[in-house]
Each structure stands twice: as C-alpha cells, then as structure tokens.
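What follows is a group of structures, each given as structure tokens.
Two complexes are shown next, each including chain A; its partner changes from chain B in the first to chain C in the second.
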Partner chain A sequence: MSDRVINSIEDLYQMLDAAVQLEHATIPPYLTALYSIKTETNPEASAVIRAVLVEEMLHITLAANVLNSLGKHPDFEAKDFVPSYPTYLPDGESEFLVSIDKFSSTTLDTFLQIERPSKWVPQLDSKFKGCVKRSNHHVFELKAVKPLKSSTYSFYSIGDFYEAIREGIEYLEDQANQKGETIFIGDPKFQVSNRYYYSGGGEVVEVFDKTSALNALELIIEQGEGHTHQIFNEQGELSHYYRFQQLKLGQYYQTGDSPDHPTGPKFEVDYKNVHPVKCNPKVADFPDDSELKQAALQFNENYQAFLSTINRAFRGGQEELIGAVCGMFRLKECASQLIRNPLPSNPLVNGGPTFEMRYDSIELKAKSIKTWETA
Partner chain B sequence: MNDSISTLQQITLEQAIERSNKSEYHACIVGSGISGAILAKQLTQKGYRVLLLEAAPAKDMTYTGFKEYVSNYYLNPSKDNNAPYPENPNAPMPRSTDVSKLTPGVDDTKGYMVQRGPLALDSTYTRVTGGTTMHWEAKILRMLPEDFAIKSTYGVGLDWPISYDDLMPYYRLAEREIGVSANVEEQGFYGIKYEDNYVYPMYGLPPSYLDQIVGKGIDGAEFELYGETHTVTVRTFPQGRNGIPNERYDNGRGFKPVGAISSHQVEQGGRCQGNNNCVPICPVQAKYDARKTLLDAMRTGLVDFLPQAVASKVVVDSDDQSIKHIEFKHYSSTERTEFTLAKVSASKYILATNAIENARLMLASGLPSSSGLMGKNLMDHTYLLAWGLLPEAAGTMRGTKCTSGVADFRYGRSRSKQAPFGIDIHNDGWGWATGSPFTDIETLVDEQNRFGKDLRKSVVDRISNQLLFAYMVEQVADESNRVTVDPEYKDALGNMRPIINYNLSDYSKAGIAYSRETSKVFFQRLGAEDFSSYSPLDYGYFNYQGENYYFRGGNHFSGTHVMGTTAGNSVVDAYQRSWDHPNLYLVGSGSMPSIGTSNTTLTLAALCFKTSEYILDEMSKQSVNIVSNSDFRLAKEAGHE
Partner chain C sequence: MVKEVYQVHQFVELSGALTDFNALALNGTGQVNDYLHTLTNIVGEEIVEQLLSTFSAVYEASADETMFINGIRQQILGDVKLGPVARNLIKLWYTGTWYQLPNSWREGFGKSEQDTTFFVSSASYTEGLLWQAIDANPSGAKGPGYGSWSQPPRINFNNAWQFKPSTKFR
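Presenting the complex of A and B:
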C-alpha cells in the first residue's frame, strides 16, 4: 500500500497551483501550431486544434476555481509559470519532449501523446500512489510532474496527477469536517462564472464545496483523457485524444463509433499549407535590430501582460476576461507577424512566438502592461 | 456542448414521393429560411411529420460547408450581401451588384429580378439553406404599437388585423428562438411594452466607442415636427447574436446560447467577437441564422429535408379550392439544368420562401387571389445614407456593423404627413456609401502615390474618423409597387422570374428629405465635415423639392400577400392562412400590412409562431394518430420548450 501524495492543505495548494501551470503549458504549442496553418486552409485541423485549445483554457479556469474555493489564488505571474520549450512531459515510464512548432504530422503525434488516455497499470512500484521513480527526474520542468519536491518520484500520467488531487480533497475535507470545519473557505466572488466564460470549450463549474470541486476536476479529466477509452464523455463530447486522432485518420467520429474506428465524414489534412515556423524559436535566434526580433519581443510582452490580465481576473476581477478577448486577437496578430516572415539568416524558415517571459525587471513589466493598454 | 447530429435526415426524391403517396406528410413547407424553420420546428416537436422543400443544395448544414461560404466571402472582390454564396442558375438570387440606373420604359433584366422601375431597387435575398438569415444584420427590433394601426391613426398605408398586444407573446417566443441580446430597460420606448419581469435571453451588447462619441454629441438635440418635440437619445439595438446569457431568463433557469452548426463536433459560434463582417457572414456563427432552428427540427427525426427542389407550381383542387399538390423541379447538380418534375401532397401547405418568392410562385401558378392583391403592396425600407468625418478618431471598424442608433423619429403626429425613420450609426465607416475601405485604398495609392508604412498609416487615419448614418425610412403599402411574372422572363429551370415595379411616394420622399435635415444638425453638433453627395447618375437617384437624394434598398421585402380582415381587402387572414385556399398558408414578411421602422425579421418570426400555434390547434382537432417517440421527447428538451 503506497502513501497518499497530499497530506496537508499546503500540499493541495501546491498541487492545484501545479495543475494550473500544467494546463497552461500546452497552450503555447497548440497556439503556434494553429496559427502556423495558412488562413482558409485546413479548416478541419484548425477547428480541432482550436477546440482543444479552448478546452485547455477552460481547464485552467476550472483548476483556478478549485484553488480559489480553498481561499488561495493561482499565480500566472510567478517565475517559471511558463516553461521553457521544449519541455518534457511524462509518458508512462518514459517521457517525451513538447515543442513549439508548426503544424505537421510530427506535431500531431506529439499532441496525441500529450492527450493519450492513461494506460492502466496494475501495481506501480512506488512509495507514492500513481507515481513512478524516474532516473532522469531532473529533466522535468513542470511542477505537476514532480510533486512534493521529491527528487526521484513523478506521476505516471496526468490522470494519476489529478487522481492524487481528488484523493487529497476527499481526505482533507473529511479531516476538516470531523472538526466541524471545511477546507472550502474561499470567497465565492472569486469564482469565475459562465457570465464571463462560456463558449470556451464547455461550461465553467463554480466551486463552493467538495461536490462542485470534484465535478470541476472530473470535467478536466473527461475532456482531456476521456474515461476508460470512451470516445465521448457524458455530455456527448469527444475527448481530446480522439479529436486529434480524427486528424490522424482523416475522418470524423460520430455517435455510436468505437475507439480508433471513426465512421463520420472523411477529409484530408494538408500539411503543406503551413508556414515553416522555426522549431522552438528563441529571441536570440533573431538578429538584433531586425523586425522579427522586435515582433518577438512585442509578442512576449503582450503575452506576459495577457497573463497579468488573467491573473487579475482570477483574483476578483473576472470582468477583465471580456477585455482579455481583445487581448487574444492582439496576440494572434503579433504571432502572425512572426509566423509569416522568414528569418534573415535562413529564408526557408519563418519566425514564431518564443513565449520567453522576462522576470528580471519589474520596470520592464510595468512598461509592458502600459504598452498593452495603449497598443 | 456543441450541436452535433450524425445525420441530417436528408431524403431522396423517391423517398419523398413514396411517403407523399402514402399520405404521411402532415405539412409540406416550401423554404428553409427562418419562417419555414420555425414552422418545421414547432410542428415536428408536436409529433407531426413535415416535408421541407429547399431550392438550394444542403451542404450548408456542415461546418466545412459554412467555412466555404466564409472563404468565398474573403476571396470575392465584391463584398455584397450574397458574396459568400455560389452562383446557382437553378435557384438564382438577386444581387445588388446587378442593379444599375434604369432607362424609362426598358426592363432591366441583368439580374435575377427584372427591374421595371421607374426606380431600381437594389434589395436582395438569399436562396440557400437558412434563407436570408444567412446574410442578415441581426438587428432585431420590435415594431411600435402604433405601427399596427397607421391607417386608422395617421390615415396612411394599411392597418393590421391584430395589435401589438396580440403579437406580444409571440415576440417573446421569437426572441427566445433567436436568442436575442438586449436589455428591457433600454428598449421600452414609444409604447413598446413587455410582460412583467420580462428579460431578454441575453444581456444587451455594449455600444461601440463610436456610438459613445456620437451619443455625447447629439443626445438631447431637439427637433420640432408638426407641433411635437422629438428629443434625440442614442440607444443600443437588440441583436440576434450571442452575448452574455441572462441568468434571470426563464425564471432563473438561464439561457443556453446556440453555437455553430455542424454534423460533427466543433467548438465555435459562442460569443460575438465583434467581427465587422457580420453582414453578410459571421465567421464564427455567433450570429443567429435559421439553420440553428432547422437543426432543432431535424433532431425530432420528423423532418424530411429535400434539397435541390425548386417549387414551381401550386395546384388547386377545383372542387373545394384546397391545394391538391405542389409541383417542383428537382435538379441533380448546380452545374446542370436537367431536372425531374415531381409533385408531393400533404394535409397543409406552407409557403415560406420570402415575400418576393411566395408571390412569384402563386402568380406563376395562376393564383392572383380573389382580392387581386397577390404581389401588390410590395414594401421595403428605403435608406438614405449620410456620411461625414469626425474631428477625432472614433474607433470606426470596431464592433459589429451597427450597435446603436436613434429611435426618436419613429413615432408621432408627423406620420400623417411624412414617413417616419430610424437611424443607424454604422461601425463600418463609409463602406455602404462609398465602398470604403477599398475605395480609400485606391484613392491613397492611385491619387496620392502612398505605399508601405505610409499607406498603412494613411488607411488607419482615413478610416478611424469616418461616420455613417443610415436612415431607415418607412415605406407604406402602395398597390402600384408590386411583383409580377411574365413568361418572357424565365430562369434556367424555366421558372418565371420576379418582375419588380418600384417607386417612391411623396410621403416617402418627404421622410427621406427630413432625415437628411437631421443629419446636417448631427454633423454640426459633432463638428463633423459632411461628405454626403447624391449624384444624378446613381441608380437610386431622385430629386425632391429641388434637392438631390438617392435611396438604397433595405432588403426588407414585405407586403406582397398582406393580411387583413376580409378576402376582399387582403390575401391572408390574421393567421397567415389564405382566404381562398383553406389548407394553404403564406407566411413571412409578405403578410405584413405595414413594416413601420423596424427590421422585419422579429415580427415575421413572431407571426410564424402565431401561425404554428393555429395550425397545431387545427391539426389536433383533425388528427388521431400522431407519431410520438423518444426522439420527439429528446428534441423537445433540446428545444428548451
């Protein structure tokens, strides 16, 4: 019998914080792949990537709502909140690299790997439930992958990570209830509601107690991995893995289909109508004084300011989400400037957003927000 | 969850004929626009089986099909209302780009509608699945109570056989179906009233920055008109597009917005993103279109949807004047004109093909109605445009086409002398008037030799201050404005094309002239430079009391089969049932005896709910074996009944 991962409320805060970071980590790769597709081509691929992308945003919101319900808030401005790409994610006992890259057959394989349903493992040889011992533990950058500051253990899969959170909530709330208390002491006004958040991949669950917290987590797991290889969840929605698999197979799933055998309308994915974005670009790749470098810095400043807006939204200012929609259009425009233009040093490869955040200067950050508001 | 259905219940011609021969159809509906879709939904959700004939192909019901429309629009050098929709000679549609200045006495046959004049009407409608809601602007106003009785109150036009109060509950149903975004407290003016505690399905969309600038300038302006003071207030419009759902809707159950239509799962069509090309096409399907209602109907499994079927003749039983069957031409491809002539029958027939096509089909069938009014009293809103440059950047091009306007000239005593009007503040700059921004770029490049960064900056500077007022002027019923047919003018399938006789009365012209006067005051108050000019070379040109004007059509065709109190003064009764043919309904804006100063869609949708209630009541008296299965119950829940 292995030990519980979450044993204190601090453990739970840390895990939910990690969940928000983890859910966000897929956004830069999905966003770049989506924007690399040439306008008006590949409508099927665009629609699928976009659908998954907005559901990841929903997952961030759900995880943040759970954290807020406990009286804590997520921190989108924290150092290392945005990982450096490529970054490692666990895949059972091994791991794989997630890159910022153009849409391609390889990227699609990575996306499938990110969203792959967890394989059931009868008995993990681990001190902690759902965890495995990894010899290369140090390569993982995301907090979600290596809990409790353990130097050797990491979760077997994302599903196991969420399972640990669920177990922690059950345990801690039970402990609190026995003392006539509750862990759900957060102010309900911090809950982001459907008023400000709908049509973003499903309905937000506002979290006030254990039941709603578990419902919120359930939705994240169902939309992401699907349950026990079901392609549709209870609401009749396709899980991410099977959404992406449609692109691999060139055919849509429809109600009644079994896994790996879609029978809906067929279509073709066109990997050629894609801008040749440089894989894992860095600002340093663009020559000083080049327009690409300026655009890359501008994108990063805007992205950082965007995260600040989201941060305020999850700290009682949810009406800021409406303005954040305009912010997303601005990011798209900034990303397009990079994605559509070749590197001066290699005309066969185009620029791309680097998602490198600056935490070294508070002054710069203040400036970036100002730019954001007046841009 | 987004809308998704695995099949579209399309049937083949042979299946439709077979079921028709077995008398399986309770109703045959012609046209899948908003009127046909509402009737189909209401009837099927009560368990009745419906055959829906649609002239267009049906790929429109897929997400990819819709994206093709969006793509067509982006690629099409012309950005007119029908730019997204492919040419289909078998079901052609009018395009404003076909309109040119008429030569007196000469029919202009360039477009699908033959223009006989004396004035050329550039209005259009869309013959695709979903009808003209596929290009509508989605401003969705109720009519004023006084609009229903303009003859008895002001001595002009025609009265309705029903009042605002009669239509009020159906307005509510229509606003639910379309998912209207508006705030009651901002919309209850000049007699418009609501049930106690009524809320719209969604909160009102915010006014644009431009609206706010204009409001600051002209709010409170007073105009003396026939002894009454009209005080100006800029107000937002109710919109048929997704905003923020109102949690108080439906006794606190809230409202669930409907997203993009697709045969597989997509995550699109939620909230309006403020794209400026909602006319003709909303790229994310946040704007309502009739396919959303059609899908609800199809979910019942009781709609037999037969696309590529162009109704060509309504055939009457000479014994009792009831409709015996409908003849239609079923074509196999938009590339070819070969067709199969077929006929289908049902208990009830509902013509829902819009005001022009309904009348055209009836006249082509030799059915002018006993009143002789079929096709007559053609109405449309006439638009006068006035455009100027504001002294400051006002964020032109931000937001949907039109978010606010002025309603203070829509009512009152002056209506006995001149047409009333509503005013739209356009967020798309001078686009409608001058073809901006495309023409702006031509001018900057060709005449000012600008390029590169300078060109980009000049475009921004030139457009950011643009202001366009569009005056939507009421037109009252006039029998000489009409639709007719003539065997001389036929389309590719051999169906007679509509011929339009159109003119403006002095009553209309006086309203247009006064609207121009108000624009001058507005520009003055805003410090805007007036650039409006109306050339005698323009196809909509007319001169009134020495001044030049032009008008533009409003795409609000109506009045061609007006409702009334007797078979002598109208074509249909207050339930849109033909006086002459007991099992025939002509539905849509064609039934409206007046259109006031409201865009017609909400009112025609409300009328269709009223009609469906009447038909259901009639059918329940006649029918004994109504299909009722689990699909139906599911659909009923999905349809938020």
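Presenting the complex of A and C:
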C-alpha cells in the first residue's frame, strides 16, 4: 500500500505549476539540438526532435489549462521557472543531467532518459507510487521531481509524475463532491483554446471539469510515454521515447512492432553534420566586445519578454498567443544565428542560446502577479 | 591560424564589406562554407586567393573607412578581373543564387562549365540576405506566423558590418 502523493488542493496546485515548469525545461535542450543540425542533413532526426518539441509546447498549454480550471494560473515569470542548465529532471537510481547541447549520440541518450517510460512494475522501492528513494535530493532544482513533504523521494519518470496528478484530481474532486462542492472553480475565460493555439502538436483540450481535466492529462501521458506501455497510442502516434529510440537504432517503427525491435525503413544518422555548439553555453563565455555576446544577451531578453507574453496569455489574454507565435519564429532565427557562429576565441566551437534569465529588474513585477501563492 | 580557417575569416570579412552584414549575420545564415566552395569551384583557387589578398591588403593599408572604401572601389570593384566576381558575390549573398558571370569576363578569365545561373541549395534561397534586409520571409519558407503581415517590418541595422582600423589578417 503506497501513500498518495497529492493530499490537498495546495499539493495539486504546486504539482501542476511544476508540470508547466517541467515541460518547459525540456524545450531549451530540444530546441538547441534541433537547430544544431545542419540544414538539409539528418531529415529523420530533425523531424523527430521537431515533432517532440512542439508536443512539449502543447503539454505546457494542457497543464496550464488544468491549473487554470482550478482557479489558479501558471507563473512563467517566476524566478526559478527557467532552470539553470545543466539541470536535473525526474530519473531513477542513476541520476542524469539535462544540458543545452548539440545533437549527438550522448544528447540522444539524455533525451531517451527524459522520455523514458515508467517502470513496468508499478511498485518501485518507495512508499510513494512511481517514486524512488535517493540520497542526493538537494541537487534537484525542479519542483516537479519530488512529492511534497518528502525529502528523500523523487518520481521515476515524467509519466509517474502525471499519474500522481491524475490520482490527486480524482481523490480531491471526490472529496469535494461529497460536500456538494467541486475543485473546478476556475473561470472558463482563462482556458486557452484552439482558436488561438494552432499547429502545435495536436488539439488543445479546454478544461472545465474532472472529465476534461483527465482528458488533458491523458493526452500528455499518451504523447509522452504511451499508454500501458504500447509503443503506439490510440491515434497511431509513437510515444516520445520510441520516436527517439528510432534515431538510436537507425530504423523506423511500423505498426505491429514490439518495443525495442523496429522493422520499418532504415536510415543513417549523421552526427558529423552538426554545428559544434558549446555545451551549456553562458553569456560569460563570450568575449565582452563580441557580436556574439550582444546577440546572446538580446536572445535572452527576447526570450524573457516572450515568457511574459505567454504569461499574460494564460491569465486571460489568450489573444496574445497570436503575436507570441510570431515572436517564436523570430526567436528561432536568433537561436539559429547563435548556433551557427563560431566563438571568437575558438573557431572550432560555436555559440548557442544560453537561456539565462535576469530577474533583478522584473522581480517586483513578478512578485505582484504571482497571484496563486498569495491568494 | 590554419590556412582554411584564415581563408574563411578573410572571406567572411570581404563578404561583410561587400554586403554590409557583419560576421554574426553572415555566419548566422550557415552558408559561409558553401559559398566559398561555390566561388572557388567556379572561378578557381587562384582568383579567390587574389580577391582575398587584395581585400586584406587594402584593409590593412587603410587608416580610415573612407580610404578603405576608395581602395575597395578602385582595386576590387573597378578591377576588370575581380570586379565582376565581387559583384557576383554580393548577388550570391543577397539571393542565394550564383549568376553566370558576364560573357566578357568568361572570355577573358574563365568559362568554367559550372558557371551557370543556379541556386546553391534550397537553404541558400531561404537564407538570402535580402529577406533580412527587408524583414520579410522568403516566399514559401520560414513562415512568420499568422497575422504577422499586419505588423510593419522591423528593419534594424544592428548587424551592419564595421571597418575596424588596424585590423591585421595574419
């Protein structure tokens, strides 16, 4: 018998807030790896990473919609929202770090770790379902990796993390219903809909009640790690882990295949046709008077402004997503530019977007809109 | 500096002076090596070397930008051999297209079989500097997002090339 991870509405708020943060944390690594691939090479790897990347954006939106349905909002401007890379994500006994890096065999191994399916045997060595006990808990920056009130347990996989949220919603809504209440007290106008969210890895689910909340979470889990350990989901889509595994094995899965044994067309992954991005680049790595440094600072500033726009979109201003999408295309160009430019000090290593956010100037503003923590 | 690295550096600076886009913007297109390769294939290593060394010599001998610009006009753009090549390089960077060199030049210095008008690659089309210059997306590529056309173009000159006195290329 394992303990429930989520026991109060505050637990649920924090877990969903962490979900948004966790989904976002995968984007800088996926994005950098994708744009490090030289144009017109590695079409298979580019297509796979791109597809996963846009689905992570959908997952952010879905998790945010669930949080909004409970009457709270995600905070894209929070000081710890963008982690400092390398960073830790949920993992099992052998912890791994997620870096901003070029596409390589090592990077691909990390992506497989990020997307790994939960253990086939649901009961791990833990009193919390889907969690493992670990001694180095202090290294985990993301709120998502540990159940509340536990200093020694972390989730084994992202899927386990979402299972805990699903269980929490069922439990808390049942409790509320018994008292003639509901936990879904959010204003529907905060739900981001397909009217403003487009071309991003699938259809957004608007969340108003338990059924729609579970549907939204189900979509995240299915796209991410598949359903009941099948490699294809009900829509015939491969889950993220197996999409990446195709690149590792140089072969596509096709319908009817069993895990780890694809039988579709083969292809070659060319790790040499990749821009040599510096691993976990920091603005401080670029010379003071360089064009590269100016461009890196500019990218970070634009990224932070972009996160603010997204923040407003999830707080009632969803029409801002139209402009935010245009901003995303501009960010893509800026990121590609950084990735294609050699370091002045070492022409054999390239720059890259550093995703370092500055909080000195916007700290007060961020504090004032951090509504759900003070409400 | 390794010879290739040195040559690429010279080529980027020459391209910068001719197009008025700095190294960040030029490297940012991902086309530097392909364009240098295209140029060398068509006009030959010798003319490329002459173009780059003339450029470096003018640069290093110029005390200020006016001197530099005059030098480039006289010794490169005004030169019978180097002028058409430099003009082709400008067109290449802006459009991603190699245009066949003028007949007068071909009769005097070339007639490479590869000297036809062609896109270097599909990427060279989308990475043409003309799109950056007018802040538009290449037709059929690099979609800028729904409704972006309702916004005025944001043209900035942050990535302009700059003459830096006392630069040494070796």
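General remarks:
Criterion: the second predicted complex is superposed on the first by the 349 of 375 C-alpha atoms of A that agree within 3 Å, B and C clash if a C-alpha of one lies under 4 Å from a C-alpha of the other, contacts with A are read in each partner's own complex, and residues count from 1 in each chain.
Here is the rule we go by: a contact is a pair of C-beta atoms (placed from the backbone, for glycine too) under 8 Å apart; a residue touches a chain by one contact, two chains touch by 3 or more.
Note that the coordinates shown come from a computational prediction; the quantities given were computed from them, not determined experimentally.
Taken together through their common chain A, the two structures put chain B and chain C in a clash.
Once the two complexes are overlaid on the shared chain, A:213 sits clear of chain B and of chain C alike.
Of the two partner chains placed by the overlay, only chain C lies in contact with A:295; chain B stays clear of it. With both structures placed on the common chain, the touch criterion links A:264 to chain B but leaves chain C unconnected.
In the superposition on chain A, contact of A:325 is made with both chain B and chain C.
Look at A:66: by the touch rule set out above, it reaches neither chain B nor chain C. Of the two partner chains placed by the overlay, only chain B lies in contact with A:252; chain C stays clear of it.
In the superposition on chain A, A:16 makes contact with neither chain B nor chain C.
In the superposition on chain A, A:237 contacts chain B only, with no contact to chain C. Of the two partner chains placed by the overlay, neither chain B nor chain C lies in contact with A:5. Note on the chain A alignment: of 96-104, 132-140, 276-284 or 330-338, the part of chain B that runs into chain C is 276-284. Chain A residues in contact with chain B (one complex) as well as with chain C (other complex) are 40, 198, 325, 329. The touching residues of chain A, counted against chain B in their complex, run 40, 43-44, 47, 50-51, 54-55, 194-196, 198-202, 235-238, 243, 246, 252-256, 264-265, 267, 325, 329.
Across the interface of their complex, chain A is touched by residues 5, 8-9, 22-25, 27-30, 121-123, 127, 142-148, 151, 158-159 of chain C. The touching residues of chain A, when paired with chain C in their complex, are 38-40, 198, 275, 291-292, 294-295, 298, 322-323, 325-330, 333, 336-338, 340-342, 347.
Those residues of chain B whose C-beta lies close enough to touch chain A in the complex are 1-2, 4, 6, 62-64, 67, 70-71, 74-75, 242, 244-245, 247, 257, 259, 263-271, 273.
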